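Here chain A shows up in two complexes: once beside chain B, once beside chain C.
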Partner chain A sequence: MAEQDLYQSAAGDKPAAPTRREAYEASVRRRSNRIALTSTAVVLLSVFILVPLAPGWEAVQRSFFNGEVFAKTFPGLLNAFLLDVMIFAWCAPLIALVGLGIALCRDVRAPALFPLRLFGAVYTDVFRGLPVVLVIYLIGFGIPGLGLPRPWNSPYIWGSLALILVYAAYVAEVIRSGIDSIHQSQRAAAASLGLSDADTMRFVVLPQAIRNVVPANMNLFIALQKDVALLSFIGPVEIFRQAGVYKSLYANFTPYVGAALIFLALTIPATRYADYLMNKQNRRRR
Partner chain B sequence: MSAKLSLRGVRKRFGDHEVCKGIDLDVGEGEMVCLIGASGSGKSTLLRCMNLLEPIDDGAIWLDGDDISEPGRDPQPVRQRIGIVFQSYNLFPHMTASENVMLAPRRVKGLSRDELRPQVTELFTRFGLGDRMEHYPDQLSGGQQQRVAIIRALAMAPEIMLFDEITSALDPELVGEVLDVLRDLRRQGMTMVLATHEMGFARELADKVCFLDAGRILEQGPPEAVFGAPREERTRAFLSRVL
Partner chain C sequence: MKRITTSALALVLSAGTAMAMGHSDCAAGKTLVEDTLTIATGNPAYYPWVMDDNPESGEGFEAAVGYAIAEKMGYGPDMVTWVRTSFDEAIQPGAKNFDFNMQQYSITPEREAMVDFSLPYYTSAMAVLTTSAVIEGGAEPTLESLKGLKWGAVATTTAVPMLNEIIQPDSDPLLYNDNADVNAAIMAGQIDAALYDLPTALYLSAVVVDNGALLGQFPPDQSETPDQFGLLMEEGNPLKECVDAAITELTESGELAAIEVQWLAEATGVPVIQ
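Right after this comes the complex of A and B.
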């Protein structure tokens, strides 16, 4: 204790003049900042000067960065984006549930449940092996083609199902890797207390596994938020489709830029947050 | 058969490496048996075999005259009767100390938190952790974590406790508080088997000391005999290295 006090008071009385090392580090820092600033300025300047010199610049500017069209279409795009958010909102929890179920299927050891295990393996292989848009087409056009009555022929239902099936396969793999990452000694400790395999999974392994894979799953859900736009191919007028409508209406591509900005406004903060979580976790593990 | 726990010709191999090469051992009711020997001599594996964490390849383990090592037998009831504490504590990091302790009694014995609380609080208080019950493992020192791990095993009211080098991962100044817990259990008459490097402790408290060497019990007897007048050359060599 006394030693610690001494140490702290020494730190508190630090002389105002920087030590040799601090002075050196400050000069290195100033130098790096100067270089970084200069190179950034050079790159930005050349973009701003050179790109407008390109022969097609004026045409591109007119059709992609038209302020008037932007102002007219942006509120409509925002409105259409609500549909994306809603589709995301009902898909995400279902994906988490189905993904968890598939991950658990792949971990069962009882021989009677082997079909479940096989199903889990085949499922993840199939749905991770197909392009999302292909699954959306097959399910979104295929199942309503059975002649189902309203509302069971809605593209919202079957398009969402396609997204759920595909994304659940990825989530299942992430959760399974989380389960594998829990050290064997945790299972041994649980077993030594007489806990059943199911209780060991439910109370000991899974809570830790899920926590470990939260950042990885967040990245998947950010990807999902973007892939919701693929549903436009089978009908729903969400933001991408709405941008297409505006494009035809005004014969101008600016609505697509508007749509891109709306996506970025959501995905960039979300991605940053996922990175932050990931870093925090890495630091904790050291 | 009078011994509480009896091992006869126990063999265990991992791949090509035979870790236990025919172990015979008797642990009487209320006895404290210490397994000593170099790292890799098979002490830990033997303990893990005793509560069926590792299935044995050959031989038999008898608990109260009942063959618990029979292949295909459900290990869970046996594990409730034989508790084990590990070198690396193996607490569940996402639960508080008291949740760690209550999980198994809740799930296996079907007791509620309210029913358990008085007994669990008493255990924590007895081992000097009354004010640490709601802490998470990473908020506790190594010695405190290891004491929680002991409480967790005791909460299942086992008939035998196994301790696998439980002080080896601790800073020297924390070893004492954990050994005090063992002394306390010893006074209560708990049947215990310890793999340990704490020779002074083994000499002070053990009823029987077994020296393991390359998967065999080379020498066993009361501590005065094994420590005071070892018969085997290898025992002497080992003791001269560690004492």
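Right after this comes the complex of A and C.
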């Protein structure tokens, strides 16, 4: 779709008969398509023929691709996936907000606000350097262990907070790179128009910076979709945990394959969309 | 290698157990490593099943049963090696690194379709682990009272289906990777109670969980599907009949019951859940 747009904008003005060069290029394209198609077919065929010939294939098939177990567990997995979607839904906007806040902290220029700058730097260093699971354990069991009453000790609250803290650090770095990418001359121009530092950031720098980093942030949110499953370590029975329960119930790994399919159904379209955004942006810059 | 074989043979002969030699024939050539019985346990292996995470000592219920079964099959203590596996490693397809795996695996028909189980070596009651604060808060050993609690369990155990089928709690139970995580959740007040097999629950309430207490138990003879532990083996393992013969013999001679008395605490003080 994207390539077609490009093609039309380049050649759209003159719908005349194809030139010799265009004809030649078309034939080269057709030839590479044929080769690509053949090699793909060969690879796929050999996978589908050779893998089942392996001596352990039947055992693998029985424990990973077991139709009976799949049918029994898939509805339960879908149901558990709702929890993943919910956790994602309340984490994502908070991550965006906290991330933006930290990025702004790192960009303050007033000398009196240096502690904020220091805080931003330490925050991103610490939370980008820690494994997500460790943070989830520490915050998810540690803070409620201080003696909070129910419902304030819920693993949903503190597990989500752990995800938000870690992901906000990444998002902050991405946004900061966006802010840094805005040329100094923009700030100078804004200052010459009489805008204050805060207004410059709000009306001049941020709108451009955020637009530049949308694709990079999309990648982070795709990663978040999967890391939501890590909350299962501290109790919530989301899809990954539910698959684990089925696994031990049936002594069979098929439920994990079912869970993987459900994740892919959501992450592949999201990844494609991020790619599309990125391409669009690259084209605009060229 | 040869020397090891001969010395092992000499050992068996010097022990002079003609009986054991007879069983040894059953297992001959069927084990992973010749003249060695490889038994798998958990990592870590928990009290009171294995003492101090050291199965080689033969101390702890499962360690003792392991050596007793090996003895009946004709493998002396120094012909037994221990390895560690997770649950997932035990059920994965492909070659296994153990002859049989012993870590409180409950025998269920669904699991039986994928792996082989020996005859049961222990039938466990299920018990409710909680804290004295929850009991003071009015929790009683009745199903009615249990329904209202916030539940937790280890996700890979048969406690999960039991929770959902028998207790049917009002709120969804929270599930964890292992005992340590469940205990952390109990101590953090995120769950009121957790369902365990009785020996594990007794140990956790006495030693691990602060102010831990047992609210009650579901005795095995009152359950339609009691929680029975079996040795897990690869599907179609030829060793199964030898292991089963050894367990039958241990059960009939009363040796198994004696090991149970030695290592698993009496649980008569725990009230039965109505």
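General observations
Criterion: the second predicted complex is superposed on the first by the 263 of 286 C-alpha atoms of A that agree within 3 Å, B and C clash if a C-alpha of one lies under 4 Å from a C-alpha of the other, contacts with A are read in each partner's own complex, and residues count from 1 in each chain.
Everything below uses one rule, namely that contacts are C-beta pairs under 8 Å (C-beta built on N, C-alpha and C of every residue); 3 or more make two chains touch, one makes a residue touch a chain.
This structure is a prediction, so every number in the text was calculated from the model and none was measured.
Under the clash rule set out above, the superposition-derived model of chain A with chain B and chain C shows the two partners fitting side by side. Looking at the shared chain after the overlay, A:Ser196 reaches chain B, while chain C stays out of its contact range. With both structures placed on the common chain, the touch criterion links A:Phe221 to neither chain B nor chain C. Residue contacts after overlaying the shared chain place A:Val204 against chain B, while chain C stays out of touching range. The wider contact with chain A, measured as residues touched, comes from C rather than the other of chain B and chain C.
In the superposed model, chain B and chain C sit 150 degrees apart as seen from the Cα centre of chain A, a figure rounded to the nearest 10.
By the touch criterion stated above, A:Val237 is placed in contact with chain C alone, chain B being left untouched. Between chain B and chain C, the smallest C-alpha to C-alpha distance in the superposed model amounts to 48 Å.
Once the two complexes are overlaid on chain A, none of the chain A residues touched by chain B in the first is touched by chain C in the second.
By the touch rule above, chain A contacts chain C in their complex via residues 56, 59-60, 62-64, 141, 144-145, 147-150, 153-155, 232-237, 241, 244-245, 247-253. Looking at the complex, you find that chain B touches chain A at residues 48, 51, 53, 75-77, 79-80, 83-84, 86, 88, 90-94, 103-104, 107-108, 152-153, 156.
Chain A makes touch with chain B in their complex at residues 185-186, 188-196, 199, 203-204, 207-208, 211.
Those residues of chain C whose C-beta lies close enough to touch chain A in the complex are 87-88, 91-94, 108, 110-111, 113-115, 150, 152, 155-157, 160-161, 172-177, 181, 184-185, 187-191.
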